[in-house]
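Listed below are the structures to be examined.
Below are two complexes that have chain A in common, paired first with chain B and then with chain C.
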Partner chain A sequence: MKKKVFLPLLMAIFVLMFLFSATVTTAPAKDKIVVGMSRPLSGPMAKIGDSAFRPVYETFVAEVNAQGGIFVKEFNKKLPIELKVYDDKSDTGTMTRLTEKLILEDKVDFLWPACGTHNIFAQAPIANKYSYILLTAEGGATSITPMLQSLPYLFISLSFSDWYQIPVWADLLAEKGAKTAYIISMADLFGIEYAGVSSIELPKRGINIVGIKSVPPDIKDLSTILKEAQKTKADALMVLAYPDAVILATKQSMEIGYNPKAFLGGPGVNFGFYHAIFGPATEGVSGFSMANRKTSPAMKELFDKLYKNKPEAANDWWGHPLYWAGYEFWKQAIEKAGTLDQKKIKDVMVAETFNTVLGPTSFKGGLMAKESHTGEIGQWQKGLFETVGGGKWPNTKVTAPFVYPKPKWPVPAPAKK
Partner chain B sequence: MDKTTVLSKKPLFLGLLFLLFILFAFLPLYGSVYSVILVTAIFMHIVLTVSWVIFSGPTGYISLASAAFFGVGIYTSAILGKTFPLPIVICFGALTSFCLALFVGALTLRLRGIYFSMFTFGLVLLIQQLLLWYEVNITHTRGRFVIVINNATIYYVMFAILAATILTAYFISRSKYGLALQSIGEDEEASAHTGINVTVLKTIIFAVSALFAGAAGAIMATRWTYIDPFIAFNPLFSFMPVLMAIFGGMGQFYGSIIGAVIFAYLQEMLITRFPYYYMLIFGIILVVVILYLPGGLVGLLQKWRKGDLAEKHANT
Partner chain C sequence: MIVEILDIVIAGLLLGGLYALIAMGLSLQYGVARVLNISHGEFIMLGALGAWFLFGFGVNPLVSLAICGPVTFIIGFLLYRTVFTRLRTSSASIGAYEGSSMLASFGLLFIIQSIALIAWGSGIKGYTYLAFPVNVGGALFAANRLVALAFAVFLGLVFYFFLVRTRLGKAIRAAAQDPATAGLMGVNINQVLALCFGLGAMMAGFAGLLISICYPVNTTMGLEYTIITIIVVVLGGLGSIPGSFIGGFILGLIGSIVTYLEPGLSLAAYYVLFMLLLLVRPTGILGK
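Right after this comes the complex of A and B.
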């Protein structure tokens, strides 16, 4: 008897769910620009998303809206930005579904990026399929470069290994006479690519790689590998891994008294939280960088704006200026195109150079032109993440010379009796 | 209820079933593209949950290997998708998962309780790390692109997998094997003494349940466009079927279906309408269900039908 009642009930639930899901929302009126995003608001990627692109887009949208919005000639008025953000739970499958929901059901005017390189790979073909511009934030990879031709709506803002960080790092080491390097790389796309580019760029400049160790992303003990690196007496140690592993490597290098002449860790070293954790011990530690307050008055204004009333841990001297510049560029492209038509705006983004916080900024072949970069390598010096290396580009602004060898880790004071 | 009433409800049930079938069969023709995508995702959750319940429901063995079987299907699709036609890829995905489960089941189904759960979860991580090692050291990459297929095709394939999963689960539960599994769940040693070859039966049913998770993985991979070991072997897919089954109620066969549908739909509502509070609200709902509804939603409905709740209210 139970089943006689419950099975029809189950059917009814199905039908109701179905009818509810089939509801189609109406297209938004053009008194605003609706921007849709699938972001990791929960799950393991949330801490990256919340500290990287989120503070930039929140500040950017607030600033644009405070000015009345973006002027779009087609409508002869300024349109404020309205954000529609969904939580993808740090799951790529959910992200792809929500991306299609934003495009197909919500019919957002623009799609802003999901978080992480792997999500660029998954989201870019979808955005391209529906002819939506995808200007990415967190993430970038050498292996995406060959795909860019087939993904004309994809624009990458972040710098990465051979665009143009590792060649600059290799130049810095070579200039100072470093002869050997030891690499610890994370066993994922990021680590593989950075280690691969290092294996090409360092030997080109006469720097011998005396060891490469690939480690799992969630490694909890690096001391054995660090001791092995110590034994090689390599001049430079490169920890090409995410923040948790970089912090672990720093801590354990101090513990075992391993003092390489150069220490590069990234991403991780570029964040304010790295300095907040290690304080003066960060002196001479290098990482990936783009700018700091000394780069230009415009950059100082940006950082003052982004980090006002925020703890030092919120600082990011690599990604934040690039994301900001990317979306300044996007806004100007809309204004220049005078429309919300994706193809027309995309054509403007491909062809034009706009002035952003970086200076003259353009995209070449889908990548933010390296000539637009203001720096590539940073180094902690007296509590500031100085830009110590950049390409020979017009926008490059080195703010301090590269210190080599780096000072030794401070020896902990003996406990008072 | 007299016999006449019971008989008169059968056509009603069959009619509703037919109506439901027609509604879903023609969804891509009249529904929005996104409704097709969303219903595909819900179907996927039902397949994973029901396939989990086929084995774990009656036996009480809490398997956390769903993500491994699902992931194997995903990777099979990524590797073979560019070479073979879709039906062969789906079959390969299903068979690979079946073989894996057969092998693992034969090795481990002598373990019981928490040891079995731990091993099955370890299997997810083991395969994830092995693949990662293989990709890093042998192929020198990490992720793979999966051949993209149109949404309607994915929908129909998932619909077919769902129908096969539900029918299989239904027939197993009604067969002598279903009774044997229940008997194992109640007292494994007594079952063995009654002549049931418990190890063989457990292993085969475990492998059959993996078949559907593998097939679902193989087709879902084509929606995700890009996969890597962390995306494919996401532990979330080990825990979700368990939670969905508990949410719906494991006492009845249809409880897991109701659980999966409502759970998946609820998640969709929360991540899109309350994205900043999703985890908080979802967590509260789960805690409430586990604390106050040990029989899941079906248990609550059954109580309500029996008038238990009304009685309790009357007594207070």
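Right after this comes the complex of A and C.
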């Protein structure tokens, strides 16, 4: 009797064990897409990250989830996005560690970008090593462009110095007859890239660079450098630095009564906080740009959505449309690939053109095609950051002519918050 | 040439005045209250953001001095009475207290910065005030910077005379020399040390307000000023109030000269100076 029971019991145990092991080894049904990010939620880069990509990804995720998520054919349903965001405290070393943690420990489905040109350099090889798509937000890529062939998972969304801002800026100056420029650039990769490209593009158009000074990011006084620039009587002053230095240069130019015919500052001039700080004194100041509400109805809808019930300081007329377009593109690539497999989605991103808020949008050689850009250079005119220059492509929409020379700073500058 | 030299010297003094004010506060906190306050920069940030916030309601920044100063004083005073007094009384030695109070101030840095981030966000803030040039001997300077320098010097001198001429100042100096004996002589040590910490915080608040007149500000600005302040305090002599005052101006001048010659080296020059000091004269200019 005992033997009769034992054998069926043993078989039943084996069957149960098989079923159990089959259950645990089968992938659980997917119910969300987990996106991981290492972001500067504190530290000196927080002021850039919080104004640039953060408002876009927060609005984008909320909108996608309100629609039920992204449809993935492989699972035959829409999957909402869940964000997992770590604070890298504006430290590149911490950012690289957190990026590996997101990939290896958290096993996120997608990696979204850290903040800044130098961080693209640091994060791209990690993402590529683990075959994770990295669609960047804040940060230029002049130096990394020659390496893009060896970084197939890297996609750059933002426009930058030679893609295609400085050539357009040089064209604008040359058309107006500017002959000389003085450059103040930040002593980091961003400043090196922009100053380097300017040193090539401006002389090509007959504009002589009469002075170039590299300054540390946390410089506290630019007055002696601005006075030197003033003495050169350069037609254009270019402050190629992050917002702190751009705002300092603007303040101190006003304070010493230095009025170059053209003033380009960036990034910083493109943000609403620049206008919120200086008010009407911004008239004629130029910066890097992509679009404004006049660019297209789709762009107006985007800006209305992003800036609804938000102070002017939250506006960004350069990066926001590009980040949004980049992630619209990413969503469509997932839907087209019908899977969460990084390689298949990457192949779609390389090959396809999708309609985004910019219009027809594509990536060429890892960079968002410059033909997708709607503008390159902006200028504050009557409280609006008008697009005054862009490439000669179908998407380009110049919304106002370039004013040169720019009006002088108001004297005394009005008190303005 | 003379105008150029004037440009560099006055620009250095303008910056140095702010450094001096900030450093006097930390010097007092360390010299008397024995707290190497790493969160000192956060009180600068509170003063700066407070001025910016009040400016939004139309309050003149110079009027805001009368609001931001007392508020930062009260915060500093209460923090000392609650956090640091407990640490001091429970520490086995002054060395142990200095270590634990420095760690506590690290914590305060993160707490104050995080509260400010929640309240004001991390974006860059600023306003324009007296942003027009003034001719000084042929060199042009911003009116707001000259006003900031005048107030920094005025506040520094008032503070110095308060320490050397008043009865309370004498009690503070006594507490700095020997807290135990000062206590035996009838000085209420807990109260005096808290007062010193509060006054240090108030100086930082004042400096932050004057910084906001000249520079863009944000909630994460504090640490960079703390680092500069520590360099100034070491330069002037740890705990020496007049030393910090002089050290601030010296550092401002060095920064201005190096910025003129090679701006990329301005911050490096501060650290080189710091290293040289530690090697050649670790007690600083007026330190003992």
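By definition in this document, the second predicted complex is superposed on the first by the 383 of 417 C-alpha atoms of A that agree within 3 Å, B and C clash if a C-alpha of one lies under 4 Å from a C-alpha of the other, contacts with A are read in each partner's own complex, and residues count from 1 in each chain.
Rule of thumb we're sticking to: contacts are C-beta pairs under 8 Å (C-beta built on N, C-alpha and C of every residue); 3 or more make two chains touch, one makes a residue touch a chain.
This structure is a prediction, so every number in the text was calculated from the model and none was measured.
**Q** Quick check for you: in the superposed arrangement, does A:I126 touch first (chain B), second (chain C), both or neither?
**A** first
**Q** Please indicate which partner A:M368 is in contact with in the superposed arrangement: first for chain B, second for chain C, both, or neither.
**A** It touches nothing on chain B or chain C.
**Q** So in the superposed three-chain picture, is A:A234 touching just chain B, just chain C, both, or none of them (first/second/both/neither)?
**A** neither
**Q** Go through the superposed model and pick first if A:I277 touches only chain B, second if only chain C, both, or neither.
**A** second
**Q** Which partner chains sit in contact with A:Q252 here, chain B, chain C, both or neither? Use first/second/both/neither.
**A** second
**Q** First (chain B), second (chain C), both or neither: which does A:T92 touch?
**A** first
**Q** Just to be sure I read the superposition right, which of the two partners does A:S42 touch: chain B = first, chain C = second, or both, or neither?
**A** Touch partners of A:S42: chain B and chain C.
**Q** Examine A:L226 and indicate which partner it touches, taking first as chain B and second as chain C; both and neither are also allowed.
**A** A:L226 contacts neither chain B nor chain C.
**Q** Looking at A:L104 after the superposition, I want to know if it touches chain B, chain C, both of them or none. Which is it: first, second, both, neither?
**A** A:L104: touches chain B, not chain C.
**Q** Can you list the residues of chain A that meet both chain B and chain C?
**A** 41-42, 187, 214, 216
**Q** Mind listing the chain B positions that touch chain A in their complex?
**A** For chain B paired with chain A, touching residues are 1, 6, 9, 12-13, 16-17, 19-20, 23-24, 27, 31-35, 37-39, 41-42, 129, 132-133, 136-137, 140-143, 145, 148, 220, 223-228, 230-231, 234, 236, 252, 254, 257-258, 261-262, 265, 270-272, 275-276, 278-279, 298, 301-302, 305.
**Q** Which bits of chain C are touching chain A when the two form their complex?
**A** 7-8, 11, 14-15, 52, 55-56, 113-114, 117, 121-133, 140-145, 214-216, 218, 220, 224, 255-256, 259-260, 263-264, 266-267
**Q** Provide the residue numbers of chain A that touch chain B in the complex, in ascending order.
**A** Contacts found on chain A: 1-2, 4-15, 17-18, 20-22, 24, 39, 41-42, 85-89, 91-94, 96-98, 100-101, 104-105, 118, 121-122, 125-126, 129, 143, 187-189, 191-192, 196, 214, 216.
**Q** Residue numbers of chain A touching chain C in their complex, please.
**A** Residue positions touching the partner: 41-44, 46-47, 49-51, 90, 187, 213-216, 218-221, 223-225, 227, 243-244, 247-248, 251-252, 254-257, 268, 271, 273, 277-279, 281, 313-314, 411-417.
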